[in-house]
Amino acid sequence: MEDYVIEMLHITKEFPGIIANDDITLQLKRGEIHALLGENGAGKSTLMSVLFGLYTPEKGVIKKDGKEVKINNPNDATDLGIGMVHQHFMLVDIFTVLDNIILGAEPNKMGFLTKAQAREKVIALSEKYNLSVNPDAKIEDITVGMQQRVEILKMLYRDNDILIFDEPTAVLTPQEISELMKIMKNLAAEGKSILFITHKLNEIMEVADRCSILRKGKYIGTVDVANTTKEELSSMMVGREVKFAVDKAEAKPAEEVLRVEHVSLKSKLHNNDAVHDVSFNVRAGEIVCIAGIDGNGQTEFVNGLTGLDHFYEGRITLAGQDITKKSIRYRNTHGMSHVPEDRHKHGLVMDYSLQENMILQRYFEPEFSKAGFIKNDAMKNYSNQLSERFDVRSGEGAKTIVRSMSGGNQQKAIVAREMDRDHKLLVAVQPTRGLDVGAIEYIHKEIVKERDAGSAILLVSLELDEVMNLSDRILVMYEGEIVGEVDPKKTTLQELGLYMSGAKRDERKEA
Amino acid sequence: MKKKILSLLMVAALAVTGLTACGGKDNKSGSDSDVKIAMITDSGDITDMSFNQTTYEAADKFGKDHDIDFKYYKPTENSDEARIASFQNAVADGYNVIVVPGYLFAPMIVNVADTNPDVKIIALDVSEFDITDAAEKANKKDYKMPSNVCCFTYSEELAGYMAGYAVVKEGYTKLGFLGGVAVPAVIRYGYGYIQGANAAAVELKKTADVQINYVYGGAFAGDPAITAVMDTWYKGGTEIVFACGGGIYTSACEAAKAANGKVVGVDTDQSGVIKDSYGVDDLCVTSAMKGLAATVTATLQGVLDGKWDSDYAGKFSNLGLVSGDDPSLNYVQLPTETWQMKNFSVDDYKALVAAMYNGDVKVSNDTENAPTTEIKVEYFDNIK
Amino acid sequence: MKNKTGFMRRPGVQTLIASILCAVLGIVIGFLILLAINPSHAGEGIWAILKNFFKYNNNTTTMLYYLGSTLVKSLPLILCAEAILFAYKAGLFNIGAAGQYTAGLIASLYTSLALGWSWWACLLSALLAGAFWGFLSGMFKAFFAVNEVIAGIMLNWIALYLANTILANEKIMDISKSETYGIPQKGIIPGFMQPVFGNNQYMTIALPLTIIVAILIYLILNRTTFGYELKATGYNKDAAKYAGMNAKRNIILTIVISGAIAGLAAGCHYLTGIEHYSISASVPAMGFNGIAVAFLGGLNPIGAIFAGFFIEYLTMGGQYLDTRYFNPQIADLMVAIIIYLCGFVLFIKYLLNKKKSAVIVNANAQTTQDDGKEEQ
């Protein structure tokens, strides 16, 4: 008799027209790290929503410690000791770390907050698991990586013993990832049971004991990680063979498209430069990648480059033209495409339809408007054409409200839009963030195709695999400065790691 | 989802049927007499403790006494259009004698009287000028008052005179006048008050001592801004203020109560109301009254007695003094039943009325020019 | 996999149902209040309000006359709602519509009574005055980052006191009646279909004008590049910035247009001569009631027409209550309740969308929807 802490047996959950979970069984042993693998839309999130009482399944039972339980709402789940680190953080931006951690479980004496004890506990937990979180920092001032640690602390603070991590590494640096892996192992060793939702095979191989695979709402199987390979897992996940390496020919760099000279940008948080004296160039037909740990000025740099923010000194030249002081509209219409880091914040108007989003920077062009009126047919045809070419899938075609589309398809829509626009330079920031293997493969292929068609591509990524596979040149950014330039064919992950952590830096030559 | 539609429809259907089931015919009430009396309020309400309320109470009482159906209508807003709508509404409900208090009704009368010859309109405080003016604005040249209307105005200057004369004789020297809005009736009250005070001061040889502050509030209701001005007056030595116009007396009374001052009421004997509201027995020294209630009662009685055609049809009547011997018969008077003044007695009052009635005392009803006086009158700008 | 959206899931249908439910609920609560005050006459009371001018059903002319009056009085309300919803679509809460309405009121009465201008010039100046008043709060928002609600509220009061000061002019204010003089014939908006509406003299081309404005707004919002920009800014101003849209210009332009409509509303009301302005201690409620009408109309320019008429219909219904049993202000109370319930339109929409046993804090909503769609 196995010691299962949570069992979800034969769960079936239907939505109108869709069976999101079809007879799925998931058994979590005490003290194990159990990976839940599946592409976007495989039914992972629905299954977790069932576990949290957000949905009532049509069929199936949930057992805790072998006894059947009813979970009608998240409070029931919390009472059973189930905690979750969400993919989209549930934090109050203007509160401090400590306030966020105790939110909903405020320690009090006769209605008055007693934070001192809570603070000690948080600091102790933070040190114990090496999270190095400052309890007094405000959420809006800390990096995404830090914010996630706050989420983890929130769970630990509540003494949960069943911990669910929903794609926790999507936003972390390699170092942070390996630290997280250590943390997870520690937690498991202490008897906590971990459910690890991901589609990153390396991480499963490294940390998980067992892995359950879902595909298109169906349960495919559970395997012992020790007895399997990445290839086997991935074919179970997508139902076919997947290539990990990107096929690409040697780059044939041509004329210079982007030249960045000595640009600097003030930090919004601290009294220093977020971007300091950055210079480099990108030529047509090459992929230049800016690598670095999250929060080292990449976001600020891209904001300055694309016009969302302004460099206080330096010069940007795009195809021979000084665009330092030009508007976003000007940059958009003069050869710059931009796949933004945050697709919800910048990339899409979530309540607009797909077709409206497809012309976000082009609605005023004669192709889509006449005398101030939008040409609906042109917009619709264009959207359909792009969707077909880039395989953007949506419930109701061009009229689908983007909010109702899956993350992968939202991202594909942005990539489609930005690649189809007239451009000489494509700035792609984390273009595959949060996407599944199939979608990543697809977007990588498109980027290479774009390069071969003669575009200059500036890729900003935190995923080292992506950086190594895709780029022709790598620039490493550390604390707002470019500290090194390496050739991906000649470097190693270790060397990159040294640059990224500031342990090594080149004397910069003029770009 | 279907269930949801269904339940929504059910709620809606229930609501509608519930309402229609309850909706019935207007219930018929009243006596066999074919007279039905209605009243339409002007910009105020029937609880204004003044004009509308007096008219309402008089008509209501008359209705109850004679077992005649009575009801009031309140226009949706302060406009001619809304007053006409109320009139139509009342007529549609079968009311055929309609009492309207206030000069604001002149345009309504011009609009509806001709086309509703069977409906009698009793208009209080509507002057011939008001009607002509309204007819002119409605592009009705040579308008003739239809025979189903009768209009009443009052010689407010006489009541004002009595009040001014009385309070100075009583011994007050620092007087105030707070008018509602500078409409003719209020001006007549005010100028009469000045003339009365002046005459008394001359008789007492106190013209150097007696002073009057004179202002219009700009509204027929009290409000903090007006109260603030009244506070300043009372603190600056004003002893008594004639609060003349609708609900504006509240501002004067609040300030008077705080500074141990006094007020003079208007239109009706307001001493009871003021005593109840402010808990000070003699806050209201006297009131300059006009016989609204008497007019309503008498005219309605006239209608019942079939005297409309002879006594009222198409007439403008200015009501003032009708008796030199018995002041209580007059349409302008001071309240003798709740008399509070000591130095100026009821007998002194009767002597004054007699003198006014037989022409020994003359009071000007000019509203264009302020009366010339030997006492000092200080005129202030409108408060609002 | 069928991709047809369920009838009940269509946003338009949901808004319509929610709005109607609010209206019905408001009437039901009104009925309950009548019931509490005077149970034996509550039925006839609510019936009188609902039956409204149909009470004159034996006299078609009179009935049409009062249908006309209700229409005429609902016009400024509808226009104010259009002003509000237009700005709202751009993410701006133009509570300053009341002040812009007041500015339009000042301009229309001043140009008509003091300057003796023709109706179209008066109407135009009302529109411009409203636009200018809107421009002020738009400028504060765009250049000084002053929240449009704060600026709007302050400008509302400034407009009110300006009105009381400027309109006290002896050419404008009839001191003996303490209200403004009647508008001279030249300043009255030309009549429209008056014979049809029982010769209602207040029935003017303001009616078709209002409908045209509503249609224009609908077109601007849904068909033009400007509307596209405006809604994009309203939905997600970061994305609008990313797309290169000029946020400052759009903010100012939006409030200017919103203000122009509010100003026009005042012109369309006062230049019919139906009401005279009297010195007031509070900002005209029209601008605020417009907020409720905008929401009751589901923030749809065409929906606002019906919502505005409905609210005015109820307001006017109050006078048909039998005053022997009820205070005629009950209808105002009912309108107030419906206005209050308008806030629930969104809540009712939420209920319609709610999946079985879902809770309010659906932490996972986003990803869950992703799941669902991917598998289609």
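For clarity, chains are labelled A, B and C in written order, and residue numbers in each chain start from 1.
Please note the rule applied: contacts are C-beta pairs under 8 Å (C-beta built on N, C-alpha and C of every residue); 3 or more make two chains touch, one makes a residue touch a chain.
All of these numbers come straight from a predicted model, not from anything done at the bench.
> If each step moves to a chain the current one touches, what is the fewest number of steps from subunit A to subunit B?
Each step joins two touching chains, and the minimum needed here is 2.
> Which chain's mean C-alpha position is the greatest distance from subunit B's?
Greatest centre separation from subunit B goes to chain A.
> What chain lies closest to the overall centre, CA atoms only?
C
> What pair of chains is linked by the most C-beta contacts?
A-C
> Could you put a whole-Å number on the gap between the CA centroids of subunit A and subunit B?
77
> How big is the gap, in whole Å, between where the Cα atoms of subunit A centre and where those of subunit C centre?
44
> Could you give the separation in Å between the centres of subunit B and subunit C, each centre being the mean of its C-alpha atoms?
Chain centroid spacing, subunit B to subunit C, equals 37 Å.
> Could you list the positions in subunit A whose residues touch two or more of the other chains?
Expected reply: 16.
> Where in subunit B do residues touch at least two different other chains?
1
> Please list all residues of subunit C that touch 2 or more other chains.
Those would be 6.
> Which residues of subunit B touch subunit C once you look at their complex with the stated criterion?
Counting only subunit B, the residues touching subunit C are 1, 4-5, 8, 11-12, 15-16, 18-27, 71-79, 81-82, 85-86, 88-89, 92, 103-104, 137, 181-184, 218-219, 223, 384.
> Inside the complex, what are the residues of subunit C that reach subunit B?
6-9, 17, 20-21, 24-25, 27-28, 31, 42-44, 46-47, 50-51, 55-56, 59, 62, 66, 69, 164, 175-179, 182, 202, 274-276, 278-279, 281, 315-316, 318-320, 322-324, 328-329, 352
> Would you mind writing out the residues of subunit C in touch with subunit A in their complex?
Listed in rising order, the residues of subunit C that touch subunit A are 1-3, 5-6, 223-226, 228-229, 231-232, 235-236, 238-246, 355-359, 361-364, 366-376.
> In their shared complex, at which residues does subunit A touch subunit C?
Those in contact with subunit C are residues 15-18, 20, 39-46, 48-49, 52-56, 72-74, 84, 86-88, 90, 166, 216-217, 306-308, 327-333, 338, 340, 345-352, 356, 360-361, 363-364, 369, 372-374, 376, 393-397, 403-409.
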